[in-house]
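Quick one: structure below, then a few questions.
Just so it is clear, A, B, C and D label the chains in written order, and each chain counts residues from 1 on its own.
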Amino acid sequence: MDIAERYKKVRQRTEQICAPLQTEDYVVQPVVDVSPPKWHIGHTTWFFETFILKPYFTAYQEYNPDYNYVFNSYYETVGNRVIRTDRGNLSRPTVIEIKQYRKYVDDAMENFLCREISDNIKELMVLGFNHEEQHQELLLTDIKYILGHNPLFPAYSTDYISLKVESSASEFIKQPEGVYEVGFNGEGFCFDNELNRHKVYLNAFEISPNLVTNQEYLEFINSGAYHDFRHWHAAGWDWVNTNKIESPLYWHLIDGEWHNYTFNGLQQLHLKDPVCHISYYEAYAYASWKGLRLPTEYEWEVTANQFNWGKSWEWTESAYLPYPGFTKAPGAIGEYNGKFMVGQKVLRGASEATSPGHSRITYRNFFQPELRWQFTGIRLAK
Amino acid sequence: MDIAERYKKVRQRTEQICAPLQTEDYVVQPVVDVSPPKWHIGHTTWFFETFILKPYFTAYQEYNPDYNYVFNSYYETVGNRVIRTDRGNLSRPTVIEIKQYRKYVDDAMENFLCREISDNIKELMVLGFNHEEQHQELLLTDIKYILGHNPLFPAYSTDYISLKVESSASEFIKQPEGVYEVGFNGEGFCFDNELNRHKVYLNAFEISPNLVTNQEYLEFINSGAYHDFRHWHAAGWDWVNTNKIESPLYWHLIDGEWHNYTFNGLQQLHLKDPVCHISYYEAYAYASWKGLRLPTEYEWEVTANQFNWGKSWEWTESAYLPYPGFTKAPGAIGEYNGKFMVGQKVLRGASEATSPGHSRITYRNFFQPELRWQFTGIRLAK
Amino acid sequence: MDIAERYKKVRQRTEQICAPLQTEDYVVQPVVDVSPPKWHIGHTTWFFETFILKPYFTAYQEYNPDYNYVFNSYYETVGNRVIRTDRGNLSRPTVIEIKQYRKYVDDAMENFLCREISDNIKELMVLGFNHEEQHQELLLTDIKYILGHNPLFPAYSTDYISLKVESSASEFIKQPEGVYEVGFNGEGFCFDNELNRHKVYLNAFEISPNLVTNQEYLEFINSGAYHDFRHWHAAGWDWVNTNKIESPLYWHLIDGEWHNYTFNGLQQLHLKDPVCHISYYEAYAYASWKGLRLPTEYEWEVTANQFNWGKSWEWTESAYLPYPGFTKAPGAIGEYNGKFMVGQKVLRGASEATSPGHSRITYRNFFQPELRWQFTGIRLAK
Amino acid sequence: MDIAERYKKVRQRTEQICAPLQTEDYVVQPVVDVSPPKWHIGHTTWFFETFILKPYFTAYQEYNPDYNYVFNSYYETVGNRVIRTDRGNLSRPTVIEIKQYRKYVDDAMENFLCREISDNIKELMVLGFNHEEQHQELLLTDIKYILGHNPLFPAYSTDYISLKVESSASEFIKQPEGVYEVGFNGEGFCFDNELNRHKVYLNAFEISPNLVTNQEYLEFINSGAYHDFRHWHAAGWDWVNTNKIESPLYWHLIDGEWHNYTFNGLQQLHLKDPVCHISYYEAYAYASWKGLRLPTEYEWEVTANQFNWGKSWEWTESAYLPYPGFTKAPGAIGEYNGKFMVGQKVLRGASEATSPGHSRITYRNFFQPELRWQFTGIRLAK
């Protein structure tokens, strides 16, 4: 697929994701981690305007200088920005105005991409695609939070998405000790945090081919594990008690029956679905309760072609740190990944919210250990 | 005007106030004191449904039981409610859905008001009118905050509203000491907090016929008074320093020129307009800097027929306390005023945001001393 | 008693209060409202050094310039100061060092007071005596908090102090409506907030000759009143729920029996003692639950010679506001009272912690409505 | 040295460290990370009472059951405890009482250690020695914080401790890529977090033989690096701005000259001393500013015998995670290390506050990335 065609396809998918929304759904920000959908559609547009059109398309007229302030995210290099907690306080620009901005930039991009473009720009374009795909995932994540925290529990979609874990081989996969290689080394795009490919020494280990299910997690809850400090990190134990956590996000005990908010609305808990929306603290405690542990990101990467993945982002025991030889790009693009490499845990895989083709076996996602609004799950190792 | 006609008129005014809004403007809650406009239009509808239709109109079918939870305000008697800080997190019900609810209730009310209604219900209706007028004022106050805190500073209206203080007699009005009567005693509606009418002993005092202007307040700023603890209460001095307050709300110093966000957008400061959007702490400090003081609510009430009032709510030195013989009504209606009678200061008058005919000389408004989002001003006494 | 003699007596009483303390008890600050005892004994010494010796005694050599920073309280005029929340973080100067400082200043004062002193200085001295007496009360209050919040519940004293309310006439005292005079007008010392003496108009009222007892308050608790919003101000209801308040400060339910920490240690609740250590919110709620109300400070003042008072500071319904004609003294002394006249409630009377002769019928104490560490009680009116 | 002798020696060292303190210095807790010295001397005593005397010495009589509550630290298994933030609020037990408790336990231990003891108990004793040595380090760290945050800046000691970095070879030490072994494998004591010894694959790297000095760090400050986001993690940049950090802890710019609080009091900055009391965020930013990086804990461990270490704990780039095969001991002892293995960074080395012989080349210390009260420094790698 050529660049212009791929641009169109990526941009359309963002719009398809938003299609079921009401205008009001675009506006709110119920917690700081969530961004209003209208901010996502403005910000992904601002990205192409700022990093492609303004520097490289001489005929381009900036749409509105104020939008730079409104739609910048964390790029300190590119100027001031609305602070993250304030995104949900902005009624203007309206959704219609942002869609006009989107159209204006898309038209300019179409013009721009008619011409020959340099390899450098091609690379930036591919980064822009991957950036927008990441925001597509966040859009779905944030939409679920917005609708799932509304007291009316509106459904996002009437299409049923089955996530059932097929009972494939339940035997753990065994892997011998030795030197392995990890990190990206194929053709095509990868993020800077997947480089350099390098050797690691792993001890012999075993890893489960299956994700932990709601049914299995329910046993953990029913055993009283949320009230037993022995399974938890000290920080996790504080988190559980301060926030009175008793179950995964979106779970509701109604008249003695567990329910779960899904994109189809509030439903009885599907016992065979993989458990989802749990923090690293809960993933760790579950593994500890089972007498097992979470895999490291390297263990995951060197066995991932032996099991199905892609139903939920999987917490690993690894901290998010630079690979040997990691260097950040100069300028604003260099702010992409490196500056988050402290205090976060690595997730591997992909989820129902991930855009098709976006993830890969070397892909490294990362979040703070207490976050649950992402589609996070558990795979066990020993 | 009969009750049915007045009902229609009051309800229409609410809709007129909202007419210039975009859908998105109805949704946001930039600070806890502000409620989203869609909440106001739902809540005022819920009031008539809850206190008139459900108890007194047997033919009435409740529109949606969930709305009781969404649109209840602080009435503990009437059940659970969305906590105030969460009002801006709700994208649903949508504005269109709330307008349908409004129409449904208005139709039912029209049917209900065709019949003969008892004096008791008439009284409740008049309370409902006054309640909705209060929310009309809050609507304008909240709309100003929402638009005035947007980085694009959109105008609410293109009609220019002049507030200029006419230089009437600048001599202070003198009043001798003695026993005066205060509190409501006419025909017609008043709130419970205006009763009982009672005697008070006042020392001789003088009160200004004019409100303090922006020009006069600018002198206070330019004298460095925001940085001089001597003019401030200890609590006010903490508030100024913690929040780095340097001027009234909505004032912006742009390239050395003071600007002011108004309903017409961001404008150069109108020097002859009364100063507005200041806290009690600032009103007190201004008076102290002048070597004067604020009037008590009684001093204000017994002289108010000798000066023009109605341009801004005026801070008084009085704490908001019950009058002798104050009693609260039974049930939810009794939660209206009494439970706020601690920690607040009394304001007297009315502002550009007050619905016509809503205020009167005995009317008592009240706010916490640090609040500025209301249309508050200063009148001096000695 | 002459000034020099009274100086010695006042200073000695402070030391007597501290006599039962261990060195460690002088140091800690378990909550921000409490000051460490060593701070009190340094601060009261600093007061005489700063306001008498340094300006008026030319032979005087300042003891240690750093102490001005350490022992200043809220006097903005006199320079920087250790912020209040940090007082409990200071291990130095030690108790012995502060006692040496105290001795040094007392010696200088003895020398100074040998001479003839002006009326102006005499007035300042009397203010200093009253200031130190206020700190004596705070010392006892803070010592009770420090020992009463220690898990070992050490006793302060083995002398039993009986506070029992004698069942005197239980009939309410009736007072006719009319113009009364309130405020100080005798000879001798009063604080600026007791002036000017002025006329007030009071409606007919009745006031109880007795304080509410622990037994009566227990009925309030047992009726479930801490869980019934109807008795509470909105702010009080928030306070109760946020802080999970279920009983007065220092009450402990141990194996189904109510106990109370007193200066004699943890004891079974004395049912006939006046209820103590309750917030204004609780005093108000109790009165509301009884179908009665708290008296205003004026009602209290004009009847106080008809009942016994002095067992606990009594919450009134009055907000702490300036009397007509109130003016503050110039300079640091002027910061004494006026700047606290917002957001606080007036208390009248005196408590077991008040220095003998310190209070009087026109004396106005004041606290924020949520505070309980003072010896506060309830008298009812209607 | 036999166990009984070593017991005596370890316990004496704790007392020697406290010898220069005033009673008041034992009591305060200026920030949550600091524990009052009297708590340390009680807690280390409680450790031997709880884990040795109570379970293994049948003749032993518990000193005071309340002390279990007061001196337990984070051992959830062993019962309730005073929450960490409240340690500085306790005036009782007094220092003398705690010393009596210490004596009582030491006497019992002396009796107990006369007998033959099992290997299991010997192991627990050695853990107790190491535990007390860790608290000796914390004692010095906390004492420095308490005295160094007092406005009088009292000295702890008059003995001058030189820390100067000798300009040894300034060439970086080069290490080839390959498989290395890390983790403890000698005789004698190690903590559970140093096990298992295991293989790691390291890329070729270089490491500095010297620590970064105050002089070098001053260049970083003077270049404006505290105000340039490019050198910082996003979390570090927030931390710098929220806390207005401009220099290491204990540095004071007085009349244009940098001073540093040391155990000898406030002194002019010693330029050749290693920089100390910096957070991981600062260590990382310094390395980034230099175009270098921090070593991983493995890089450090496999080269440490080629340079001098022991002047300050050195931040590494490694997150604190379990080694392959890590298992925690059963019961309370198992709470020692494992439950802190999230969100912390590893430090290697030892500092001027570390007890002699306590650290070793495989020793892993760990702290949150923002902490500075420890004696932390910087070594560079590439």
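We adopt the following convention: a residue touches a chain if its C-beta (ideal position, glycine included) is under 8 Å from a C-beta of that chain, and two chains touch if they have at least 3 such contacts.
Chain by chain, the UniProt names read as follows: A, B, C, D = Ergothioneine biosynthesis protein EgtB.
All values derive from a computational prediction rather than experimental measurement.
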| item | value |
| --- | --- |
| Shared interface numbering between subunit D and subunit A [over half = same, under half = different] | same |
| Degree value of the rotation bringing subunit B onto subunit C, based on Cα positions, nearest 5 | 180 |
| Interchain centroid distance [CA atoms averaged], subunit A/subunit D, Å | 37 |
| Distance between chain centroids, defined by C-alpha means - subunit B, subunit D (Å) | 57 |
| Whole-Å separation of chain centres (CA-atom averages), subunit C against subunit D | 45 |
| Interface hub residues of subunit D, defined as touching at least two other chains | none |
| Residues of subunit C touching subunit B in the complex | 74, 76-77, 177, 179, 198-201, 203, 229-230, 232-237, 280-281, 284, 317-319, 321-322, 324-325, 339-343, 345, 369 |
| Residue ranges of subunit B touching subunit A (in the complex, touch as defined) | 22-30, 38, 66, 69-70, 82, 86, 88-95, 146-147, 149-152, 154 |
